[in-house]
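One chain, chain A, links the two complexes that follow: it is found with chain B in the first and with chain C in the second.
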Partner chain A sequence: MSETKPKADKYRRVAYYPGCALEGTGHPYNRSTKAVGKALGLDLVEVENWNCCGAMEVKNIDPKVQTYLSSRVMSIAANQMRMDVVMAPCNGCYHNLKKAEHDLAHDPASAAVVDRLSTKAGHPTYQPGQVESIHALEWIKGAIGEDGLRERVKGGLKGLRIANYYGCMYTRPRNIFPEKDAGPGSESTSKPHFMDDLLAAAGAVNVEFPLKTACCGGAHTLSDSDLSTKLVLNILNAAEAAGAEIIATECPTCHSGLEMHQIRAEKRFQRKTRVKIVYFTQLLGLALGLSARQVGLHENVSESRELLAGKGLG
Partner chain B sequence: MIALEAIEARLATLADSAPAAGDAEEILGLGEAILEHWVRARGESPTEDRQEGSRLLALHRQGTREMPSFNACRESCRELVYHYNLLKWQPEHPDAGRRARMMALLANHLCLFVGGKLQTERLGEFCCASKPVRAQSG
Partner chain C sequence: MPIHEKDLIRPENLRTHEQLTVDGVDVSGHWSTFIQSRVVTDYNEALEDEIAALPGGEFIHRCWQCGSCTNACTVNAVNPDFNPRFWIYLVRIGMEAELLRDKDIVWQCVSCNKCTHICPRDVNPEGVMKAISHWLELKGHTPKSPSMVFDEVFSDQVIRHGKIEDGRTIRRFFARTGQALQQDWLIEMAKRLARHLPIGLLARLGFSAAIAPRTRGWSRARAAIEDYVKDQQATQRRALGLDGPGGPPTTREGA
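Entry: the complex of A and B
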């Protein structure tokens, strides 16, 4: 992994790890991430024959197998594709890649399991530090930055009022993200701001939103749907109370949870909220002059096209 | 001790009824009561100490001991205290009503989070993110 290369160069061409969600419910995130990358002149090379990161299910049953699954993705990127950087737009995938990196560097038992399974599977064992795993936010922030984005926006987001929702996995636990809380320019684990920075550069107005990393109850979605719905409703209410027209998301699981429970809150608790839920890549795409269709707004459950078209976006 | 369900109902009423700066004390008190539930469920006595001048933050610290996943509500607690301070410092501020409502919503989030965490296998893991790593980092 070349540490000396400036991020603007290093992130220009990255291995792209979409993960399972972006091929299903998160498809508009996949579509808009690729469209934004293309519009910005960035090169996304999809990880060959990628697998599930281990998500929550595998991790809760056998965390070392999850470490292996994530390490395999990084091994392919490093050893077969000769890439320095793996970019994952999904918080779950990103989190699991970082966790695997941490485990392999700090836990010999995990490293032994990964080595055994890698040998059995017939691919080189991933060695910690071979690649840098980053989130889509870090990718655009590092490769283009706010100034670069300001130069490229066409029309911008026209003062759209946005609450930025990062969810719980982008910053927690702190110890697997050593690059965060690392001084000026780095991301904060307590008050993340990369999405705020990018969308402000694209012409949005970020509202003060104190629940930006709050739990959405995703883990309870099946076991206690009402609790998940109440947690999401509270997030939606807080965004509206803060004056937001849009909640920007950067994770397919958070996004789907907010969309689904917004509908469920109305049916189950007769509580209607009007705030729209849109991926940050969709918003950046619109600011860059892409059409609503190109960024996949028609694929969202939350119907934002009328609001955005009313502002001349998309 | 006021039940969590009653706290949730009271916070919902406050959030829906245009609260004012004068409600800050009650909302903070409800926040502390929520964390007391958590601490008592773990078989401990709720602390009367203060952390950074706040009992709520001290209770959160007590609640997160040996349970790193409880840190998932750290920012909610800190924001709750921040909004309380804003309201006490500037009760006549034009945004006081909005701040008080936000404070009620923050406390409500804390209430739902703790309620969920208490009901999932009693004191089991609520947040499934990287459980083993959190357990190691204690």
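Entry: the complex of A and C
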């Protein structure tokens, strides 16, 4: 890992780990991430023959299997592709890569299991420190930054009022994110701001939103739907009360959870909310002059095109 | 116990009297509520070790009952009976019967990690919640929770193929929990999606629903993971005394 290289250079070409969700329900996030990368001149090289990171589920069967799954992805990026950085747009994937990195460095038992499984599976064991795993937010923030974005924005987001929703897995628990809460310029685990920073640079107005890191109940979105609907309604209502027209998301599970339970709240509990749910990469894409179709707005369940077109976006 | 948000007084042990005279003194009004005393004798001294033997429960012994976990808890804000600190306390002192009173809600932990984030002792309360729900199922106190069924359906696909396809996971989950896939809100979602999706994407989704997406050359990884999981499960069952002669019932509900 080349710590000395500045992020602007280091993040210019990264191994891209879309993960399972981005090939299914989260496809618009996949599409807009690639489109934004292209528009910004950044190079995404997909991790070859990747596997699932374990998501929120495999750890409940066995946490060390999850560590192995995530380590295989990083092993391919490091040993097969010779990449320094793995970028994951999904909070679940990002969280699991960071968790595996942490456990492999600090827990000899996890390291031993991963070594045994990697050997049996026939690939080199991932060694902590071989790659740096980052989220799509850190990628754009590091490679382009607010100033770079301001220079490239065409037209901008025209004062669109946005509530930035980060969810759980991007910041918690703090011990797997040693680079966060590390002074000026670093991300905060209690009040994350990278998405706020990027969207503000793209011309949006960020509303004061108290539930940035509240939980949407994503892990139980189907197995305990009533609880998830309640948690999502809190988030939607708080965003509307704060004056937001749009909730910007950076996780496919949160995003589809909000979309799904917005409908469920209306159908089952007659609680209608109007705030639209859009991936932050879709918003950045629009600010950079991409069309609604190029960022995949038509693939969202939450229908935001009329609102955005009304502002001359997309 | 320093924390007052939940204690061991059972509501049914509170005796309230409209009119009451004790030893000839009328104590009606303020002094009319009494706690019926009880002595607990049925401790399970092995409980903490059993929870610690399950993944996630390893660090339960570190807890010093500050209550930060319950204070931060997402589910506690919705249901005050959901109380991680209290359950950790019960496990540590071996009050199994008391823990079983809440057996049907422990699985509702949403893994938001607010507790693990705030915990000053690195107890990993989120993991402890998973260990307790797992323990309840292994011991036969509760049937498999819907969330455990979901975890199994999901993990099964990952271990078999290396990847998942979300539509398939949803269909299998609904089938295994005996729910109809024709939920009004799911239909509404599908309708809204289908309205705008380009033919190409629909075809791709249909294709991955028919043929599971998979990681190439996964069979060796699959075999290694399956062996490991089997080993772990056997070790856990031994730690819980489930396989020994005369031990508790060994069948897992709905397995």
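Here is the rule we use: the second predicted complex is superposed on the first by the 314 of 314 C-alpha atoms of A that agree within 3 Å, B and C clash if a C-alpha of one lies under 4 Å from a C-alpha of the other, contacts with A are read in each partner's own complex, and residues count from 1 in each chain.
In this section, a residue touches a chain if its C-beta (ideal position, glycine included) is under 8 Å from a C-beta of that chain, and two chains touch if they have at least 3 such contacts.
Worth saying up front: this structure is predicted, and the values here are computed from it rather than measured.
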Chain A as common anchor, with chain B and chain C clashing or fitting: clash
Touching partner for A:His220 - first (chain B), second (chain C), both, neither: both
Which superposed partner A:Pro63 touches (first chain B, second chain C, both, neither): both
Between chain B and chain C, more extensive residue contact with chain A: C
Which of chain B and chain C A:Lys99 touches, first, second, both or neither: first
Which of chain B and chain C A:Arg172 touches, first, second, both or neither: both
Touched partner set for A:Glu303, first chain B, second chain C, both or neither: second
First, second, both or neither for A:Lys230, with chain B first and chain C second: both
Which superposed partner A:Ala238 touches (first chain B, second chain C, both, neither): first
Partner chain in contact with A:Arg72 - chain B first, chain C second, else both or neither: second
On chain A, the residue positions that both chain B and chain C contact, one per complex: 56, 59-60, 63, 168-169, 172-173, 175, 214-215, 217, 219-220, 223-224, 227, 230-231
Residues of chain B touching chain A in the complex: 15, 68, 71-76, 78-79, 82-83, 98, 101-102, 105-106, 108-109, 112-113, 115-116, 119-120, 126-134, 136-137
Interface residues, chain A side, partner chain C - complex: 20-21, 23-25, 27, 49-52, 54-65, 68-69, 72, 113, 116-117, 120-122, 168-169, 171-175, 189, 214-215, 217-220, 222-224, 227-228, 230-231, 259-260, 263-264, 267-268, 298-299, 301, 303
Contacting residues of chain C [partner chain A, same complex]: 55-56, 74-75, 78, 108, 110-114, 116-117, 122, 127, 130, 134, 145-152, 154-155, 158-159, 162-167, 170, 173-174, 177, 184-185, 188-189, 192-193, 196-198, 201, 205, 208, 213, 215-218, 220-221, 223-225, 227-229, 232
Interfacial residue positions of chain A with respect to chain B in the complex: 56, 59-60, 63, 95-96, 99, 102-103, 107, 168-169, 172-173, 175-176, 190-191, 210-215, 217, 219-220, 223-224, 227, 230-231, 234-235, 237-238, 241-242
